[in-house]
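Please read the structure below before turning to the comments.
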C-alpha cells in the first residue's frame, strides 16, 4: 500500500520540479486536478431565494461558525472563505459540516481542489471539495462559484460533472470543503 | 502550463493516485500556527436515542413525488439544527420506534424508477447512521397511498409489531413482526379506515357510518375478534378529522365544526368520552374552525394545540389558519391564542419539558415557536424541505 | 360483459328507489362514490404562485377554452366550472385536456364524482375526476377545491388518496374533469 | 343518509361496477341541448413527426435529481402548448431522432429507487405515444453524469447509431446500434471529452491541450483509427465552451472571452476555420462576454444567437446574461441585440422558417421571443418545468 503511494509521490515530485515553486505547483493542481461538486449556476443560487447574499433568519438557515479556531465566517453561506471554488449544496446545511458528510452518505474520494485564502491568517489553504453521495439532492444552501471552472475536456477542473464517482452510489447529496493543508507556507518552505 | 496538460493526459489510476499523494504531501507538513489538516471521508453519526427537541418532518415533495424524504431537525438548536434525512417517497408513511434505534418508512418503488415492477416495502433505517438496515416486503401491491397520515403506519404490541394500512380500494391492515421482519397477519377493515392502536395488541378504525371498528389481535398476529361500536359521530354533519393528537393513550379528534372528541385508547376496548367544543359564542359567530393538514398537537402537560381559521365554510377544512389555540384538556378551557407569524398548514409540539410549537407554514417552511408563550424563534427554509405535510415529534 | 353491467344497473336502480329523486341520488353519489385526485391544500396552490387567481401571462399558462361549445371558462384555472370538486394538477396544463390524459399516461377507472353547475346553461352536470397515471408529478396548475371532501373513512369522498388505482402504475401525474351526464335534467325527467 | 352508508359498505367489485353503471345511466339519457357526455379513458397522442415550432426542454430538476424530465412545448401556439413529458432523471442525456419516430434518454436508475443495483440504460420513447418502447442496457456503471450537455448523447451514421459518453473517470464513447438496440463498439477518448459527429460515422472530441481527437469508426462500430489534430485553442487562456451550436454540419463554438471558433464537421476529417470575435472595441471595454449554460443557438438562415453579459470576469462564464446578440455567420457582423425581458441562462432557436428564440430565464421559466425582432411573446411557468437547463429545438 505505502509502496505505490511512495512511487506516486516520487512521480509527483518530478512534476513539481517542472513548476517554478511549490506554491505554483499546488495552485496548478488546485485549478486542474480532480473536479469538485456537481454544478449549478449562479442564477440557480439566486433563484433559490437570494441565498449567498445575506445569511440568517430570512433565508431560513441560522448563522453557524466552522467550530475551528482561526477559521472565520459562516459555512452555511456561499461567501465562506473555504467556498472559493464550491459548487453544490453545502453539507453544513444538510446534517454534515464543512468537512464531514451528513449521516447515511458517503464521501467521494475524487475531488476538485481549490486554493482559498483564509482572511483570519491571510494564508492560502488547499481545499478539497468532496461530494457526499448516496442520498438524493439535499436541496438546501445551493452555492456556486466558478472561478477556476473549465469545460469537461479539462475533466478535473470541471464542476458540471457529478463527482459521485468511486462511491457505492452516484446519487449526489451535498458537497464539503475540507482543508488538505496550507499552500503558501509550503511554497515558502 | 505544460505540467497541467501532461497531468490531464494521465490515465485514471495515476490521476487518482496523484490526488492521494497530494493529500499526503499536504498532511505531512502542517505548520503549528496554521489551521489543522482535516481527514477525508468522515461521515456524521447521530445518537441512537434522539433528544426530545427533535422533530421528523415528512416532506412529501408533491411536485416530485418520487423524491420525497423525512428530514430530522433539532428545533431547539440555534444552528446545526438540520440533523439528516432519509428517503421516503411515492406517498410514503413514516413512524419511529421509541424502544429500538430504528425508524420505519412504508413506501413504494418501481424496478425501473417510473415503470417496471411495483414494490411495496417497509424500509428500516438505523437512527444512528440514517442508513437502511432492512427491507420488509409488503406483497400484493395494495399499500394505501395518501398525502400522508400518521395513522397509515402504527406500532402495536409494545412496538414489536408494525401495522400497515392498505387500500386497493379494499381496506385492510397488515401486521408485521418488527424483529422477524415479516408479515404475520392481515385484517379486513372494510368500510372503515386507518389504524388507531388501543390496549396492548388491538387497534380501532373509524368507519363511514360514524362508528368505530375494533380489531383484536391474537398473540400470533391473527385476527382474534372484530366488533363495531354504536355510532358516536356523524360524518355528514360534523366529520372527525382522521388524524388525532395523543396524550399518552388518550386520543383527541378535532371535528370539522370545532369540537373535540376524546377517545380513551388505553384499554383493549376503546372508550368514547364526552365531546366538548373549542368555540365560545363569539368564536361561533366569526365562524372559527379547525383546518389545515395536521391540525392538532398536544403535550403531556395536558395542553392541546389546534390550528384555527375564521370565516369557515364547507371545504375550508384544509385551508390552514392564522392562529393556534391552546386548550387545557382537563377543563376544556382555552388558555392561549398564538397568532402565527406565517399562516400554518400543519402543527406539532415537541415532547420535552420545555415544548416547542413547530408549524409548517404556507410557504412550506418550518416556523418554530415557544409553545408556552407563542413567541416565534426561528425558521427552517432555503429548500431544506419542499412540502413537509406531517411532523413527528421525537417521543 | 353487458350482463353484469345490467345486473349492476339493476342494483343501482334499487338503490335509487331509496333516494327521493334521481337528482339526489346522483348528488349522493357525487359526494360519496369514488374519490378524485390526490390532494393538495389550498395553501399549496397559493405557494405555487397565486395560481387559481388570475389566469394569463403572469403565471405562465396561457388562457384556454374547453373547445366545447356552451362550456365557458378556462380549463387551466382552478375557477373553471367543472373543477368544483377538483384536486390535483390540471391535465389541461400537462398535455391533456379537461377530459383527456396527456400522452403516455393512463386514466384511472376509479374516480370521485362531483356535481358542478355550468354557468352557461345553469344546469348541473355530473363531473368525474379521473386521475392520469404512469408518469410522476406534472407540476403545473395545482388546484384544490375541498367542498365535498371527507376523511378517508369515507373513502370514496376523500381526495387525499392517490386514486391511481386499477391502473398499471400508481404514479400520479394529473387529474381530468370529464362530463358524465346532466344531473338536473335527469332528475326532472 | 342511509343509502350512502350502505354504498360505502359494499365490497370493491360492487363499488367499481356502481361507477361503471352510473356512467352508463348518465350516457344513456343525454338531452340534446346539454353538453355532450364524454368518454372515459381517452389519452392524447402526438403526431409521429413533430412540427418545427416545438422544443424539448430538458428539466434536470436539480432539487430532486431522481425526478427529472423532458417537457415538449409548442412555442408558437397561443395555448395548449404543453404537449407532454417523458421521464429523464439522475443527470440524464437526451436526443431525438429525425428519421425515426423515436426519442432517446440515456439515464441511470437504481433497483430500489435510491439504492440497490445501478442500471445505466438508453430508454427509447415513441414520439406519438410518449411511452417507452425499448430499453438498451449500458453495462459497466460508467455513463457520464453531467448537469446536461447535448454532446454526451449524439446520433451517428445517418442516425443508425447512438454514441454515449462515459466518464468513470475514464473517458470513453459507447456506440449503440439503434435498430438492434445494443452496443456494438467502444472507443477510449482519454484526456478528451464529448461527442461531436463529423462526416458519416466519425466523431471528434475536444481535448485538454487544445487539440481535437478524431475517432473514425468502421462499419461494424469498432474503432478504425484515431488521430489528434494540432492545437487550435488554449484551454487556459480562452477555453472553448463545450456545447457548440450547429448550422448544418458547421459547428460554432463560443469561447469564454467572446470569440467564435467555427469547425466544419461535414467531412470525415474536421476542418478548423478562422476564428472571429463577437466583440468590438466598445464591447471589450465594457467586458461583454458569452455566459450561461446553453449560451449559443443558430438558425439555418445563417443567424447565430449568443447569450451575453457585461462586466465579465474569471468565473462569470455561467452567470447567464441580459442580452442575446445576433450575428450573421457569413460576415461575422452583429445584426441585432435583443434585450431580454428576464435574464437568460440557456437559449435555443426553433428550426422553422419563422424562428422563435426560447430562453430559460433565471427563475427557470421559459420565455419565448420572436427570433427576428426580439419581441417577447409568452412565458411557460407555473411549475411546468423546474430547471430546464438544456433546450432542444425539433429539427
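Chains here go by letter, A, B, C and D, matching the order in which they are written, and residues are numbered from 1 within each.
As a working rule, a residue touches a chain if its C-beta (ideal position, glycine included) is under 8 Å from a C-beta of that chain, and two chains touch if they have at least 3 such contacts.
Keep in mind that this is a model prediction, so the values were computed, not measured.
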| item | value |
| --- | --- |
| Pair exhibiting more inter-chain C-beta contacts, B-C or A-B | A-B |
| Relative to subunit D, chain with the most remote C-alpha centre | B |
| Whole-Å gap between the CA centroids of subunit A and subunit D | 29 |
| Centre-to-centre distance between subunit B and subunit A (centres being mean Cα positions), rounded to whole Å | 34 |
| Whole-Å separation of chain centres (CA-atom averages), subunit A against subunit C | 50 |
| For subunit C, residues that touch 2 or more chains besides their own | 110, 135-137, 139, 142, 154-156 |
| Sites on subunit B at which at least two other chains make contact | 1, 4, 8, 15-16, 63-67, 87, 110, 114-115, 168-169, 208, 383, 386 |
| Complex interface listing, subunit D residues touching subunit C | 1-4, 6-8, 14-27, 29-31, 33-46, 67, 69, 72, 78-87, 125, 128-131, 365, 378-386 |
| In the complex, subunit A residues that touch subunit B | 4-5, 8-9, 11-12, 15, 18-19, 25-26, 28-29, 31-34, 48-49, 51, 57, 59-64, 68, 70-71, 76, 92-97, 99-107, 109-111, 113, 118, 121, 123, 125-126, 128, 130, 132, 135-142, 154-156, 166, 178-182, 185-186, 189 |
| Residues on subunit D engaged by subunit A in the complex (per definition of touch) | 62-66, 90-91, 108, 110, 114-115, 118, 144-147, 149, 167-169, 171, 192-194, 205-208, 235, 239-242, 292-293, 314-320, 343, 345, 362-364, 387 |
| Residue ranges of subunit A touching subunit D (in the complex, touch as defined) | 38-44, 46-47, 110, 134-137, 139, 142, 144-156, 160-162, 164-165, 169-172 |
| For the subunit B and subunit D complex, residues of the former touching the latter | 1, 4-5, 8-9, 11-12, 15-16, 61, 63-67, 87, 89, 109-115, 119, 132, 135, 168-170, 190-191, 208-209, 236, 383, 386 |
